[in-house]
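See structure below.
In this document, chain identifiers A, B and C correspond to the written order of the chains, with residue numbering beginning at 1 in each.
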Amino acid sequence: MLKTQNNKAWFLVLPVLLLVGFSAILPLMTVVNYAFNDTFGNNAFFWVGLEWFRDVIRSERMHDALQRQLIFSAIILAIEIPLGIAIALTLPKRGVWASLTLVLLALPLLIPWNVVGTIWQLFTRIDIGLLGSTLAALGVDFNLGRDAIDAWATLIVMDVWHWTSLVTLLCYAGLQSIPEAYYQAGRIDQASRWAVFRYIELPKMQGVLLIAVLLRFMDSFMIYTEPFVVTGGGPGSTTTFLSVDLVKMAIGQFDLGPAAAFSLMYFLVILLISWVFYTVMTNLDQEKEEVPE
Amino acid sequence: MTAIDPTLTVVPRARRPRDHARLHKNVSRGMLILYILFLLVPIYWLVNMSFKTNAEILSGVSLLPQDFTWHNYAVIFSDSTWYMGYVNSLIYVVLNTLISVTVALPAAYAFSRYSFMGDKHLFFWLLTNRMAPAAVFALPFFQLYSSVGLFDTHIAVALAHCLFNVPLAVWILEGFMRGVPKEVDETAYIDGHSFGGFFLKIFMPLIASGIGVAAFFCFMFSWVDLLISRTLTSVHVKTIGVAMTRTSSATGLDYGVLAAAGVLTIIPGALVIWFVRNYIAKGFALGRV
Amino acid sequence: MAKITLSNLAHTYFPYPRGEQDYALKTIDLTWDDGGAYALLGASGCGKSTLLNLISGLRRPSQGRILFGDGDVTDAPTAERNIAQVFQFPVVYDTMTVRENLAFPLRNRGMKKDYIQSRVDQVAQMIGMEDTLSRKARGLTADAKQKISLGRGMVREDVNAILFDEPLTVIDPHLKWELRTQLKKLHQDFGHTMIYVTHDQTEALTFADKVVVMHDGRIVQVGTPEELFERPAHTFVGYFIGSPGMNLLDAVIDSDVARIGEHKVPLGGTFGPLTGRTQIGIRPEHVTVSRTGGLPATILRVDDVGRHRILRAEVAGAPVAVVLPEGAELPADSCRLIFQPEKIGVFADDWRMAPEHPKDRSGS
């Protein structure tokens, strides 16, 4: 659509700007303030420059948390994106069953995050949880309080349970927009099921997949509540992801300076990786000159 | 021209070389059913526990409550700190949804219809707020709202949630608005409608489903977050998240009540999904990247 | 390539049809000859798309058989029918280049590499796209995309028929003519069986050797463009084809004369007693304005459509259009009209009746 050039449109955007600005810029300035200053309380600050940043960058603890976070997000994306696509392909296209499955799929998305944690904490307990006790009965030595692998597996399965539906809903929306003629053309050309997926369905899902990857990356990278409830970051610090570590640092130890510096770098890392995803995925197809049909 | 021959029976489906396709269909059906079971089993376990007594919960695993009880729900509905937790959460969620959609509507209209100085940067900046980790903002929020005297009010939580809900609402609404041809606007102006009159009477009904989807997502993301809401409230506005931490007391965890409280948090979401089920998928597809 | 036979074919979308009104396609018997260029013409909702979907295998008929050559394909899936289809909206594989698009049907059928290479080059030349072979299909214009989907159909040498489902819908008007001409030439050069569904009579008449006219789930006439124009078998064909369409007037047929009110119109042949609603039909091109003899008519208005003028008049309460010759003079508000007797068609309950004894000069 051709847009009219009109700078008065700023007035329409103003409420959003004020509201989001109030909630974003002021707190951000507080964070920036802390990041460059030290305080002994009583609102007395003195300038420390980049010292906090140097500390955080050199900190072993931060490196470990970042590494864990990257591994976690990579695993999450590697499982949820293909699984979400696969489930979307199996969904009925219309009718009562389509509505019903959509509602069931969306259910985990609407559960408060601490309740998600609670559900999985209870579900995996060896004494009172269905999964935990089943595993114990099968002779698996499952203990997420002691075994780092068990803790990781639980968090990953929980996240898959919680969020794969989001990918599925997005892909389903993309699939629904494909006209029947494309499938008919595929049959005429004797395309295999794989070829139909590769050349008809996947290209049409590209847009929604980009949203899915971005959202899942951002949210898995920021995950806090669920691991906090299920493992509390343990055993040891094996599931202490960036957010968990940050809150420990800021509220637990009240190291506001390093925590603020940490926050800013955290934010920048998310921005940077999101930008990389965005650029890579939009450049997969070089020719972007879409012709209006 | 002969009429339809009633004696001619429908051709029997003699040769069906589509067994392979049918097998494929069955496999995918099976996969879907398995996946939905995977989604439902943990929820089933929570519901199951919520109808058990603590003694039964701790005595071991049983697939159905042996000693069925409403006691856990009775605890919640008879204790005002419990049920007020739900009421408080619903109040700020609804407030947030109203605020987010109201301010997002004109902004989305501006993004979909006009190009203005800095529009692209502004849009991107809005989206970056979606990327700010809640944990990063928890403490500054606490300080900000304390300093303006809003700490421990519903509106504080509602405003804080706007940080990630307004960008999302703008994003979704903009997608829907782009689907409305510009000629609609122009015709209305020619017919002598003022901007406000046109927007309320003509334009909003056209994007009603978009408003519904945006409201759904605002509701959802405000409802599922308990980190910020817990940070910004203490005595007067106890949220459900705070209430749930009360189940661990000196005598140990009250599992039954915890499970019942969890079940009750699922219900508002499930109701909302049911109302917008036909639009959920649509809302995502229209978003601009 | 093969001839396509539709035998006793009918289709309904209802699982338990209550009667003829529930059928989207009433009984159809038709043979499409090998190598013919056919148009399937009708208003929207007449069943032409249903018929196309039965031939392509997208739907299975409720009744009857479809034969390709001598083989029964009624139950065969689309892939086995070896047909090609060009859709209303361009269907191309966006992420592939033009070359990959054209090679796709051959690759899926496991053809040899060098054969594919040479065949794709050949087809690219046929559709005039040899210069854009290495471009991505995504960025191309709608008409180029339609050419690619046509090329994907022609790339298989053994294709039984190429089906077109209103393929020019999204093409710019000035390119429509060009594409149609190119299609016609491709048909003449390579002789594929082509079935072209459209609701646009100009497209149908200029493209096809034979036009199949459908109305209300039935085939009402199969004929060359001239036949449809000169001797429409059904009143629908009469007014659907031609611009403006045939004039139809209720009349009582009495041997070689049609009576409209108290006026008599001489006919080109002798007719026996007819039952049902009887009408005479005459093309606007075959009516002349006269001062002396003929049917009295009231003049409503004159439309200038560029090439000629059209007189809109009324005879006994029914509208009649007349194509006026160059420079013809007109009386102010009333005139008399003469119908050329040998061009008058007689219809009983909408179907054309043949005269028992044609007059010598009528020739039909």
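Operating definition for what follows: contacts are C-beta pairs under 8 Å (C-beta built on N, C-alpha and C of every residue); 3 or more make two chains touch, one makes a residue touch a chain.
Going by UniProt, the chains are A, B = Binding-protein-dependent transport system inner membrane protein; C = ABC transporter.
The model shown is predicted, which means the values in this text are computed figures rather than measured ones.
A centroid comparison over C-alpha atoms places A as the chain most distant from chain C. With centres computed from CA atoms alone, B is the chain lying nearest the middle of all the protein shown. Looking at A-C and A-B, the interface holding more C-beta pairs in contact is that of A-B.
Note: centroid distance chain B to chain C, computed from Cα atoms, is 53 Å. Averaged C-alpha coordinates put the centre of chain A at 56 Å from the centre of chain C.
Look at where the CA atoms of chain A average out and do the same for chain B: the two points lie 16 Å apart. Annotation for chain C: residues 77 touch two or more other chains.
Only residues 1-10, 12-13, 15-17, 19-20, 22-24, 26-28, 30-31, 86-87, 89-91, 99, 101-115, 118-120, 122-123, 127-131, 133, 161, 165, 169-170, 172-174, 176-177, 193, 207-208, 210-211, 218, 221-222, 224-225, 242-244, 246-247, 250-251, 256, 259, 263, 266-267, 270-271, 274, 278, 282 of chain A touch chain B when the two sit together in their complex.
Taken in their complex, chain C has these residues touching chain A: 56-58, 77-79, 83-85, 87-91, 93-96, 104-105, 108-109, 135-136, 138-142, 149, 152-153, 170. For chain A in complex with chain C, the touching residues are 179, 181-182, 184-185, 187-192, 195, 199-200, 203, 285-291, 293. By the touch criterion stated above, chain B contacts chain A in their complex at residues 24, 28-29, 31-32, 35-36, 38-43, 45-46, 49, 57-58, 60-61, 63, 99, 102-104, 106-107, 109-117, 119, 122, 126, 128-141, 143-144, 159-160, 162-163, 166-167, 170, 178, 182, 220, 223-227, 240-241, 244, 255, 258-259, 262, 265-266, 268-270, 272-274, 277-278, 280-285, 287, 289.
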